[in-house]
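In structure tokens below, several structures.
In the two complexes below, subunit A is the common chain; its partner is subunit B in one and subunit C in the other.
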Partner chain A sequence: MNKQVRPSRLKALAASLRDILGETWRQGTGKASLILMVILIVIATYAAVVMPPNFRDAVWDNIEVQGENPSLVPPEWTKHIGVPYAPHAVVMLSELTDKLDLDNQIYEFNYTTTYNLEHEVLPQGIIAKGYELLVVAVGNYTIGPRCRILISRPDGITGLYADTSVTLTVSPELAWSRSSTIVKLSESENIKPDLLYKMVIKYANESGLLILKNKVYYIEFNTANGTFLEPIGNVASMLVEDFALKPSKYIFGEISNINASYEFIRGQWSLQRVTTSMKPLVGSYNITISCRYTALPPAILSRIQSLKPFNSIKLIVKGSVYGFMGTDASGRDLALGLLYGFPLAIAIGFFVAGLTSLIGLIAGVVSGYYGGIVDEVIQRIVDIMGNIPLLPILIIIAMALMVTYAEAPLIVLMGILIVLIAFGWGALAIIVRAMTLSIKEEPYIEAARALGASDKRIIFKHIIPQVIPYIVANLVFSVPGAILTEAGLSVLGIRHGYPTWGAILSEAYRYMRVAMEALWWVLPPGILISITSLTFVLLGMALEKVVEPRLRTA
Partner chain B sequence: MVGVASVLARRALMLAVAVIVIVLLTALILEATGYSTRVLKAIVDSYVKAYRQDISRTIRNETMVNELTEKYKLELEEIYGLNKPWYVRASTFVKNTLLMDFGITDREDIASIVGKAPPLRVSDVIATVIPRTVIMITVAEIICIAIALAIAPRLVYKIGSIADRAVVAYAAFTNALPIWWLAMLFILMFSYQLRVFPTDYRYIIAFIRDLSIDPITNFAQIIYYAALPIITVVIALLGGWLYGIRAQLIRVIREDFVFVAKAKGLPDPTITKKYIVRVAAPPIMTSIILALAGSIGGYIITESVFEWPGMGTLYYLAISGGEASIVMALTYVFTLIYVIARFILEALYIVLDPRIRIT
Partner chain C sequence: MIELSWSMPVHSLQVDEKSIVYVENLKTWFPIRRSIIDIVRRKPRLYIKAVDGVSFDIKEGEVFALAGESGCGKTTTGKAILKLVELTDGKVVYRPSKHLFEELTSINPSIPVVDRYGGIEISKVPAKYFKPFRTEMQIIFQDPYGSLNPRLTIYEILEEPLVIHEIGSTKDERVELVSRALEMVKLTPPEEFLYRYPHMISGGQRQRVVIARALMLRPRFIVADEPVSMLDVSIRAEILSLMMDLKKQLGLTYLFITHDLALARYIAGRLAVMYLGKIVELGDARRIIENPLHPYTKALISAIPEPDPRNRLKTRDVPIKGEVPSALMIPPGCRFHSRCIALEQVPELTELCIKKEPPLIEVEPSHYVACWLHYKK
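Coming up: the complex of A and B.
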């Protein structure tokens, strides 16, 4: 008997849902919200399919990736509305010129590019990352290139702005990994760190030439490594110190004024502070990356000619604008985070709303249909839950989870969602119970019972199909609640680790005093949260009119 | 009258049981999850570390330093109750909270939002903080209610008109808008960029404290500081109030007696006043009283965004600082206010509406 009932039961359910959907579509708000909903789901699906599954670790929280972007800059399109900018440039250099100096046994390769600065805005820095380094193994020692970045400026000054503190990263999936081992080579010819040495022994072939595939070397000079620890004494050394901290303004700017402030301490004047006024220098910059091998054995010199020190070099000039949505204070690409937020928000919303509605439905029907002690217990539980201040309890539990499972973001997030579900089903259960009570008294239920229908049949065939429209409306209405609560908790500093819109906003909020003008950081996540919530609110209102015709006004 | 008394007594008993269960549950959640143990341990460890550094400067003997540190640690564990099992701590909490004995706090951050030096009695802390939340949240709620009560009755005859649709759209829009985001946006725009409103709202502590010394200046300052938070909350909540009251009135306007009144040719204002608002008054009154009672608990997130030194911020500081006694006290006070409001409402219903007595 059960087998015969099932298809028709499903068909009835599907038909009732189709009716609801049709009725909803016929309304203005219903149409708008359904269209918005389809758009949301399409974007969410697209993001879920396209973005890497380990997006959080691989991209969002990856310091390597963050380091390639300028930090706290507006979107690129702001330049079209007249905001002066320094362009963000990423160039892959693979063409090179080479120069052989046989007498001194020096082989030099040069990669060259140009960067144009049109407005008086400073770029944030320069990074060069080399891929597939050529290391020459001679006997049991290795020779690597010494790399430098030379920049010739529009005013004719050519300066050496980075002399290799080459960073060797010994991890194959470097660009997407957090925990790569980094070995520093300050002078690659002389220092042979263990790791490099071992690799050389492992891979070196008879000819003595070795190419380390998939390895990235990079020269980065937007931070100093604390080398300027000499006692502060004169203006020059202070300038050096300042240069180490903010090299970009010296590379791309002219000093228009230097102020040194002195103070009379213990009977003598001593230098306290040096401030410089810099003016960005507009024009075309020639950037050359030179890689030089020295002391190569003559036998190898002839063979190296056909090779490159790096297969390619990624040269990044960090501009003052970036991407479609700008970046946050750590240099994360906000466009990616916001896109990733779509599937997260939709999943959080539907997970909580779906389970809340399901539990509310079951509890309400059971409570109303069976009555007695079960009813009493469920009603009392709902009563007490309704009186508990939810947010504090939620914060307490979330904090406990955050402290306990700091390394397991999924557990923290799920914990929060489960508390939301546990406290959310009560209101629906009361409505469903009231409906069940009134349906139960209808004559056709009595007739069905007289014909020998089981409780199960009455519940599934007569009660649930009538309750379903309300459940659907309630489900849609409770989606935004979950999204908003999760976002609110994030703003309070409860971090589960996933880049939800709320989490992005909470970062923006923490930096508010620093990032006062960063509207591109504060606005979009809030707007997306609002639009998503609005979609469900409007859909809920339209559905409500369908299931509760008395609300119809026009 | 005996019937009324017994019904009321039963309701009172139910609500009292609910309060006790909520206090029990809160204590259970705080202690059984290990939350307060963890937070307290971290605090004790930081104190012990500081103490060790402190005495290391004067005492060179390693073993003596170790001994003293250990002794200090045991003392602290005694003070924070870490040497007792969680259920002992939880039951002490429940007992003390129900007896309104909330204890003493010596937290710097909590004392700083009160505006006094620690140690402070928790009951005093709550008593100083409640008026601030009333100034921000309760005042905003009252403004919302007043505006909604003024506008909504004018809408009932114009259901479907542009004004009515605008109200519904506004309600839907603000329903989807997180208040705390609006707060962030307004602070960013009006406080930081346009510099119309203050950026640091904690100064309000001093103005409220000195209100009796120089009422006029300080009152003006309080208004200046409270303006943006109140505007934010009003904008965010007004839509909900308008929609809610409108819905209650619409429910009544479809009743037969309104139809009859109309047929009799009574003027619209009279119908609204005597036939609609009057009938819809009890449910509207319910939501107003419950909202006002609820507003005293503060808005945790919005207050935190404004750094408004009210109940919400205190709640948050207490939770994040593992100050379980304050969490318990606040939960208790909040629930008590809410439950008393509910009881008053039910008593009013029973007295005013004889039909309810039967059920």
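Coming up: the complex of A and C.
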């Protein structure tokens, strides 16, 4: 019975939807809002499909990912408008450029690349990450490579800026010892010590070679191992300290001026402070990563020749520009965060607006249709809710949730949204109640009752279809409200942890002094919030005119 | 206290096998909402006495007209009969057709049957058992603009009774039934009207749709609540003759509510004139209009425009004064006394009229009047 009716009803629904869209399109604001809306939805859908669901943990708040990016740099396209820059370079080195049999028991493998600095701007640093380390197991100890980064500069100076050796000492108690802090074994180590031990023993018996996969080894700069090939007089040790703080300043710069300050203490002059003026050195830099195995057992020698110490090395020179939207102070790629903000904003907006409208609709219709004590109770609840100041309540509840559920950002966010919904439905319920009261008195409602229609049928067939257009217009209107409130709360310091546009703004607000100059950090989230709100407000205005023809001026 | 005795009988219901509907001492009072202060002070609840003790019966196949000015309670009476407003007191009895009676008693054996002709006191039937009565008792509304949902097509409007009462299992069947109903009210060809919206057709056509909707369930009894008062004069006659044709064709009984006594004379068999919630005159329509006995009926009749060109310059004298009192504060005694011209003309009755409410007495055979003027010792 229903099957036969449905197609026509669907068709009617599609027709009325087409009418509404057509009517909206005919207005200037409607046209603008529909175009913006389509763009918004396309981007949001793209982001929702392409970005990983655990984006927040895997990318946004992942320290390893953050560490690969320069921090607080403008977008890459700024170089086209004449801003001097140091390029951001990411090179995967998988081919050996050099293989040396230095001695009978020593092998050296070199990976080489070049980096060009065209403007007098300092890059932020160098990181190398090695993948799939080759370790030689001998008996119950292992031999890993000693790795160094050598940079030969355009002025002819070659510096050794990092030095590390990978030694895995396998024993039942201790899986390996790290040599200093330079080599960081990935913290997310899956292989348990005893398992590694068994593996090493097994492979050592068969071939003596072990390739550790699924692990990343970092070769970073550290003063203790960085050395200047040409020390500069008495102040060298002071400079080394400075180097610890700002290595890239010394790697990519030449000293133009040194000021040493002395103080007369206890009858003699002593060196107090050294300040250097560094000038970035323009030109081509040769970067070599050299890995050396020493004291190899003779049985291995012939085999190791054909192998590589790392399957590949990712060499990153952190530039002074990055990506499409730049980075924030922690080195997060803002383009990703802003893109992720699209589906988040739309989800937050529609979740709050949708539930608010639904509750308002139900409460209003029930209140208006049934009247009496039910009406009284609902209206008094609305009155009470309407007189409680929302913002303090919201801040208190959100703060409590932040403290209680620090580890569950979803609960904090949902808590905020639910408070927004709980305080949001009242106004709509009043309007819907008023509409229901007037529709209820229409003669056709009485006619339906005379035909024997139940309350349910009257509500669903006669009342709700008349209220729905208003509900939809109201829904569209209240979407930006939710987005703006969420952003406002973020800026007020309520952080649920999701990278919404508001949260990005809030992060910028925390670094206020820095962010004043980092416009690429502050402006885009603000502009996106504004545009999204504008879209919904314009659409709401256009829809309101469609559903309420009296508002039309022409 | 004035001693009263009279030889003429007071109106009482004469229920027989032809009575399809009768109401006895029907009262519909609407309470006025009290403020919290009033509740605290224990002020008595005030009521608007829209209908205040009305009794009449309607015989099968007749057109019973209920006339009176606006606010006199005639529409409320009609709605109370259909259980669209709640009764305060009194009873409404409807005698269903045989098969409906059997159906009703099989569903609910304790259904309140009150007379030997199978009349059921519908005012005592619980709401959940009332639905079947809707198929036999219908209403035609005054306002053809308001009584059709503007968002539904004619087909959807006429389909609604079928869906509610689960008549017609397939859409084709329902389309067929709807088309036949449209043909019945002379909206032909039906295909042309099925998928139009109410705003796309004229007022007369809308009222035909309203009539078709009332006929969808094949009723026996129809309350016609001023069915032509909102239509153009040119269309009224068409709609009225359609209603009369349908009555003949389908054996309908009408309770015809109108404020237009001329119309009542044209179509009604019997007529009851109401004033402030009470019947003041009841009897054969033609006889009442030709020989009105109650001062109020006289006033109403003299207000009927006469289609005689010779009268065009004559100032008409309507024998009534003042305004209708509020139904909240019904005057004591005869409720018409504050407006009655006869009260001034017959001073010896004054005290009686002000203090004592006149009963509905039979002045001549089956012509009842509630007025002390016609009371004879």
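The definition used in the following text is that the second predicted complex is superposed on the first by the 462 of 554 C-alpha atoms of A that agree within 3 Å, B and C clash if a C-alpha of one lies under 4 Å from a C-alpha of the other, contacts with A are read in each partner's own complex, and residues count from 1 in each chain.
Please note the rule applied: a residue touches a chain if its C-beta (ideal position, glycine included) is under 8 Å from a C-beta of that chain, and two chains touch if they have at least 3 such contacts.
In this text the structure is predicted, and so the values were computed from the model without any measurement.
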Open item on the list: Contacts for A:395 in the overlay, against subunit B (first) and subunit C (second): which applies, first, second, both or neither?
Closed with: first
TODO: Based on the superposed arrangement, let me know which partner A:451 touches: subunit B (first), subunit C (second), both, or neither?
DONE: second
TODO: Please indicate which partner A:53 is in contact with in the superposed arrangement: first for subunit B, second for subunit C, both, or neither.
DONE: neither
Open item on the list: Quick one: is A:298 in contact with subunit B, with subunit C, with both, or with neither? Answer first, second, both or neither.
Closed with: neither
Task: First, second, both or neither for A:492, with subunit B first and subunit C second - done: first
Open item on the list: Between subunit C and subunit B, which one touches more residues of subunit A when both complexes sit on the common chain A?
Closed with: B
Open item on the list: Contact-wise, after the overlay, does A:517 reach subunit B, subunit C, both or neither (first, second, both, neither)?
Closed with: first
Task: Residues of subunit A that touch subunit B when the two form their complex - done: 29, 383-384, 387-389, 391-393, 395-397, 399-400, 403-404, 480, 484, 487-488, 491-493, 505, 508-509, 512, 516-517, 519, 522-523, 526, 529-534, 536-538, 541, 550, 553-554
- [ ] Could you pull out which subunit B residues touch subunit A in their complex?
- [x] 14, 18-19, 21-22, 25-26, 29-30, 33-35, 38-39, 159-160, 164, 168, 172-173, 175-178, 180-181, 184-185, 187-188, 192-193, 250, 254, 297, 300-301, 304-305, 315-316, 319-320, 327, 330-331, 334-335, 338-339
TODO: Write out the stretch or stretches of subunit A touching subunit C in their complex.
DONE: 1, 4-5, 442-444, 446-454, 457, 461-462, 465-466
Open item on the list: Using the touch definition from the top, list the residues of subunit C that touch subunit A in their complex.
Closed with: 79, 82, 84, 130-131, 134-135, 138-139, 141-143, 146-149, 151, 160-161, 164-165, 169-172, 210, 213, 217
